[in-house]
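The following pair of complexes shares a single chain, subunit A, combined with subunit B in the former and subunit C in the latter.
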Partner chain A sequence: MPHIEEGVFRSKLIDRQNRGTAMRRLYAASFGVAILALVLLVLTIVNEAFGYVALVYKVEPETISDRPLAELTEPELVALLVEKAPGQLPKMVSDALSPMDLQTFARAPLGQSLADKQVPAEHADKAPADIPTGERAAVMGQILSGNLTQEQILELIEAAILQPTVSESWPLFEGLFNRGAIEERLVELFPDEITRPELRFKSWLRLEMLTKPMDSNPLVSGVRTALLGTVYLLIIVVLTAFPVGIAAAIYLEEYADPNKWYNRIIETNIRNLAGVPSIIYGLLGLQLLVRFMGDPATGGLGITSGQAFGIIDGTGRNIITAGLTLALLVLPVVIINAQEAIRAVPPSYRDASYGLGATKWQTIWRTVLPSALPGILTGIILSLSRAVGETAPLVVVGASTFIVQDPGLFTRFTALPIQIYTWTSRPQAGFRELAAAGIIVLLVLLIAINTIAFVLRNQARRRLQV
Partner chain B sequence: MEQTMEGTSYSTERSRLLSQALGKHAARAGIGKRPRPNERLIVVLLFAAGVLSIFTTAFIVLFLGTEAVSFFQSRAWIYAKMLVVDQAAAPVSLRGDAEGALNSTGTSLLLDLGDLSRVPFMPGALIQIGDEIMRVAERRERSVIVERGYLDTQPQPHPPGAPILTLKEDSVRTVEAIKEEDTRIVLPENAAGVFAVGDIIHLETETMRIAAIEGDTLVVERGLENTLRRAYPANAVVQVERRPTLLAYLTGTRWQPQTGDFGVLPLVQSTFMTSFIAILTALPVGLAAAIYLSEYATQRVRAFLNPLLEILVGVPTVVYGFFALQFVTIGVLRPLFGVDIYNTLSAGLVVGIMIVPTIASMSLDAMGSVPRGLREASYGLGATKLETIARVVLPAALSGIVAAVILGISRAVGETMIVAIAAGAGPNWTFPPNFTVGAETMTGHIARISGGDLSYQSVDYTSIFSIGLTLFIITFLLTQISTYITRRFRELYE
Partner chain C sequence: MTQNGHHPRAVDIQNISVYYGSYRAVRDVSIPVEKNKITAFIGPSGCGKSTVLRAINRMNDLVPGARVEGQILYHGRNLYAPDVDPVEVRRRIGMVFQKPNPFPKSIFENVAYGPRLLGVRDKNTLRQIVESSLKQAALWDEVKNDLDKSGLALSGGQQQRLCIARTIAVEPDVILMDEPCSALDPISTQRIEELMQELVSQYTIIIVTHNMQQAMRVSDYTAFYSIRKAGEGKEETRWGELVEFGETQQIFTQPQEAETADYISGRFG
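Presenting the complex of A and B:
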């Protein structure tokens, strides 16, 4: 380009290069957006899962004791329980100390039902039902104070007598940085200084969440039933989708003749299925598994609802139908990933196996599959993670929103994401925060699954290298 | 199955060769004796696993199809409505002076409000002066703007001081008692206009068909569809049948199947509104991320950034939904723009974040398959890296990027939980589209309606399948287009 002067070219070149650098930074900034989104996501969850609450008590703590409850000793606290809630004591003892349910506990001798606990010797051979009504509460109180710490008894008093409910709740950062506004709001809500509740820090994420069932009071509600539901769902998906998925992948990669029309159809079909929205799978599960194979009372076959196996009160909207729906949902992903893993095994491995005289199946079973295992496991992690977080199909097949009893195979069920969804959409104070705590449990579960799979994959890889 | 045949002959051949080569040692080595699973059976089992996916598709199509068909055969019974003069409304008239007169074209009514302090008609209300019915378009302080000659009435001049009647909708009720053998139903004045010959009507549970209309009297065929002929007292409510038609389904702007509104457009509209916002968010971010990963990033940077995208994929959508509601709506959009608590904007933005990895990874593939030679030719001509990307790599990868965008839209259309939580409950048709108010999408509607025990015979049950079919067709077409484009693109450089 002789007609362009050297100086003009230079200055334009610098412009062009500057533009290049600027755009490069802009491209890199896209990851800034992604990171920012993730950070904000985590902060939002933390912000909601911990925070400040104003608790309103059904019975004010000041009215039952002159001194602050936290300063009282165990016997003094138990005396309060015996005085204010005598009828509830046997249930407290049974729940806190005995593995039996309340009915059995009431009829069994104390020495037996509380075998490894401290029981007053004179009552060891009596069942709670045998103790005269007047004395029963006192005996139960004696057992409680002998076996529980002061903190545990305080919790019992809170649940049985004080019965706190959340009047208002504030997220963490608002509580930390905008305390004044909250105090003002509190004054506005409760003009009377005597009854005004104290602002308290509250961690909605509690360890007891894992063992406590759902409750309509967000303060004590747990995720036990939802967590169990999710674990059952995972087991069903692992037991059904993975064998079938890996089998289909082996067929397509090792046996199928790609020139045959039916094999081509299977292949295309799997790819199309991977793009079908999850809620459509929900509709499939609803019609096929819940309606047609479900409850005979509504014209089903009774297979998935258990009537075919003699279970009378089974419903079609249960763990099995939901698990199978999820299995169908993740199947294409499992197949596609397993196919890729099998394809990646070098042909020389197969040739070597044939050369040693192995049959085709022996080659697949002993050479191809072990070498493809790390890849297959990766696919399984992906699809398991997807199954754990999947909500829409569960909503459609009819997950329940409130389950207190541990789910069985043929009973109504719920799952973690369903709980999060329900709690998110409830307007009362405390449920939004509970949803955030549930999300943390869900994310921890996801991280755990991924870690386990990561370790398994590395082990499989290492074994191959030896 | 030929493979198996080969396998069998191969294994007979193999044992012959083995015994030939090793003689008696073959037996000692135990090679020939090792129990062999029946390989043919194994292949059949593996094949069955593959075929299962066909059944999945077949059942999806079958169920969506049959239930959608029964949706279009379903019927809703709605109360037949007629306009009546609202006797309880406060008396209002045209102003008594000369200015109050109304010619046959004027649209501004000057009112004499009597004791009232403000105009009692809401926009959309129907009023009647003389024989003419008008629709209130706008409410002013002491006047209203109307649309003249409504409901086939003729615009006429009206004198000053003419009384204005407020009209309201009321259920059509029979005037006289009906005996078992009667075939004539007498209706109040003007009510017969609501019906047409051939309409199917209900009195309580009895189905009837209108054979003829004579003035204010319906001549009906009674006791159709094996319903019982019975006697009814006067003032019985007449219900009329509404069936969804394909035309009403595809063009109607109200969705309320129980009360005879079968237009799916509000749901489709909000689905595309959220998807539009989503793609607007995801395309720049995803494409920039792909360009950075493909053209600039070193191995080490990639090893750090790739997992980041994987984490975005791994976050459950219900968590994204929580984020959309709690942070994007309540934390940002509401304080800044005063949007409704449920809105399509926030749902769309977060769906966009969700599909960033989809768009990034597909665009990355597309750019990765642009041959090195093209880039080097561009550098050889003195282009900078940016110029090479903008003028060579991106145009060459364009079809792949388009495919990525289409697949991204398909993902966004099918996404459920984010929109179910953040976009709002209740279908809402807005024109022009309003992104700041709540509107239920197709997926969100299915999720809300199916929560709880739906009766399998209800119109709700069949309606979610017809929406499901619509959704399935839309996503299927999008996926097919995307696959088609990807395939064509690949052929270019092979």
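Presenting the complex of A and C:
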């Protein structure tokens, strides 16, 4: 008499198979939800980063030209500039064409300050300051028209004479699918048909964002200073957290005696530290790096604020302290991943290496680390992504919200997430959309970093395979 | 057991015991290993034959808590003397492992790994070492056009011969083989056995094997180990001991001990 009855087995078998099918559907549904969330995220960002605007001009285009500006020829455009904004022309030339700042530019011969540009021969040996005031604007206009395209000159006219500001802005999908409501709103805002601005498509994501610093006008504001800040932060993290983290992992896996109580406590706590909220690391960075090692004016050592290196006005709220704070933040993740990777190296590789008369260090360097490299790189991908997106610790350490000058190591700084956060909280029209464009820049940076790390990891992995 | 005392010995194991912590895993083993001969260690699982083998090139040092008592003489020097560097021991006494374990590197780099450890940098010298090692390991003709291919791309038997070439490349004079054929098919096994016969003119070989036919086929001397027990229930301890050592011919035809006779006739083990 068998213990398992045939009838029971049959009915249970159908049950078991059904359960499997149900689980498969559940997994597919979960996957669907995840994909849907991702698509929604992308759509939301695109919806904000592109859209429609109503621009209000300080000087209406109609008042400076009886034909639309786009129809004017280049000489006519330059003539407009010379007529309406004569005083601003030297600055325009200096900004657009010369590597010098305005002061130096004004005193240097044009042939020198615009060495590789088109300069009228008769003016090449003169500095802008030497040209009589009455003629200066015309000469500058000549230089502009010789070196810039019509489109670039049109942009100069916009910035210098028309000076547009965003009156109202609407997201992309509203502009596409609910045009009527927007038109009604425009009529409501500008009852007078003559001064009513026209609705224009606007891509907030512009290539110039990368090269322009922050500005209080969302139409011209860029992310250059924030992007530089983020890149510098990443460099500091790469240079500090990775060597220290990998070295610590090697020590813990290869040298530390796992039976000693203190090594066990250290291991456990590194795991705990990986889960500590990032704002706590911000507080640690503030106390240790900004205050204790920072500004002597508040009792610090003057190391991270730069006094020890001859910087006079350093406060300790800079790229160095922020970068080191982020390095502390990602260190546990780097250590844990490197440890796992080192532990996963087959013991037979070690045996082979020792068996040939390798020392411990030779075995680690020539066999263990190359085999562990793909795993270590995985940890690095994870931690770089985390460091790029962190905002809270930077706020605590003291990132600034508005930076126009490119940051140095000991100057005030900002970073992309901070910049985005600041923009989203500004009430003026245009900044929310600018924040969405900033998010796209951040995402592209993130994808670029991950792609590099991914390619490196796959190369390392391929080297280990057949 | 010392009837061959006047022959030159490559390694002289004198009364060693191996401990893991306070556990004495192998007790009082003495084996004189003759130069340019093949000595086989046989016995049931857990009898300590691999442990003794790994004591000879101090691989046991890598196991936390492992310790050896007694002495192993090599060219008249005790390998466990305080001034002996285990790194040097492992270079002079090479080892081939149970499972073929080439590095995840090219065939060339696998063989060049050892010489590089010792500081050989010159490309030409390395190339010569790689070629002569692969030739000695009877692998050269099969791989000479694929030296840049991964060692892992070879078949199991080729991988094991690559490991032998890698061992030879650091110019040891003793080669320890820990069940080198247990993961291989019969044809690959036969090639390794032929290779051992060729190598023995230049090297002293000690092989641990589960396969009694193999011991009979390849070895000149055989050491038979067995398990001893003491105590009852939870108090029970087991350890390995050497039962009998002698010329292979004699061990397999006229064993002195009843236990050896039982084992080789397949009555246990």
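Quick note on the criterion: the second predicted complex is superposed on the first by the 438 of 466 C-alpha atoms of A that agree within 3 Å, B and C clash if a C-alpha of one lies under 4 Å from a C-alpha of the other, contacts with A are read in each partner's own complex, and residues count from 1 in each chain.
Here is the rule we use: a contact is a pair of C-beta atoms (placed from the backbone, for glycine too) under 8 Å apart; a residue touches a chain by one contact, two chains touch by 3 or more.
In this text the structure is predicted, and so the values were computed from the model without any measurement.
Visitor: Check whether subunit B or subunit C contacts more residues of subunit A in the superposed model.
Guide: B
Visitor: I'd like to know which partner A:265 touches here: subunit B for first, subunit C for second, both or neither.
Guide: A:265: touches subunit B, not subunit C.
Visitor: Now for A:10: first (subunit B), second (subunit C), both, or neither, which partner does it touch?
Guide: Neither subunit B nor subunit C is touched by A:10.
Visitor: Touch test for A:349: subunit B only (first), subunit C only (second), both, or neither?
Guide: Second partner only, subunit C.
Visitor: Touch test for A:366: subunit B only (first), subunit C only (second), both, or neither?
Guide: second
Visitor: Once chain A of both complexes is superposed, is A:357 in touch with subunit B (first), subunit C (second), both, or neither?
Guide: Both partners, subunit B and subunit C.
Visitor: For A:395, select first, second, both or neither according to whether it touches subunit B, subunit C, the two together, or no partner.
Guide: After superposing on A, A:395 lies in contact with subunit B but is clear of subunit C.
Visitor: Between subunit B (first) and subunit C (second), which does A:463 come into contact with in this model arrangement: first, second, both, or neither?
Guide: second
Visitor: Going by the contact definition given at the top, which residues of subunit A touch subunit B in one complex and subunit C in the other?
Guide: 257, 357, 359, 362
Visitor: Looking at the complex, which residues from subunit A come into contact with subunit C?
Guide: 257, 259, 346, 348-359, 362, 366-367, 370-371, 463-466
Visitor: Which bits of subunit B are touching subunit A when the two form their complex?
Guide: Against subunit A, subunit B makes touches at 2-4, 7, 10-11, 14, 18, 31, 36-37, 39, 42-43, 45-47, 49-54, 56-57, 59-60, 63-64, 67, 284-286, 288-289, 291-292, 296, 305, 308-309, 311-312, 314-323, 325-327, 331, 353, 356, 384-387, 407, 410, 413-417, 420-421, 443, 446-447, 450-453, 456, 464-465, 468, 471-472, 475-476, 479-480, 483.
Visitor: State the interface residues of subunit A toward subunit B in the complex, per the touch definition above.
Guide: Subunit A reaches subunit B through residues 16-17, 19-20, 23-24, 26-31, 33-35, 37-38, 40-41, 44-45, 48, 244-245, 247-248, 250-252, 255-257, 263, 265-266, 269-273, 275-284, 286-288, 291, 298-299, 317, 328, 331-332, 335, 357, 359-362, 385, 388-392, 395-396, 398, 401, 417, 420-421, 424-425, 432, 435-436, 439, 442-443, 446, 450.
Visitor: Which part of subunit C faces subunit A closely enough to touch in the complex?
Guide: The touching residues are 57, 59, 62, 64, 87-88, 90-92, 94-95, 97, 99, 101-104, 113-114, 116-118, 150, 152-153, 163, 166-167, 170.
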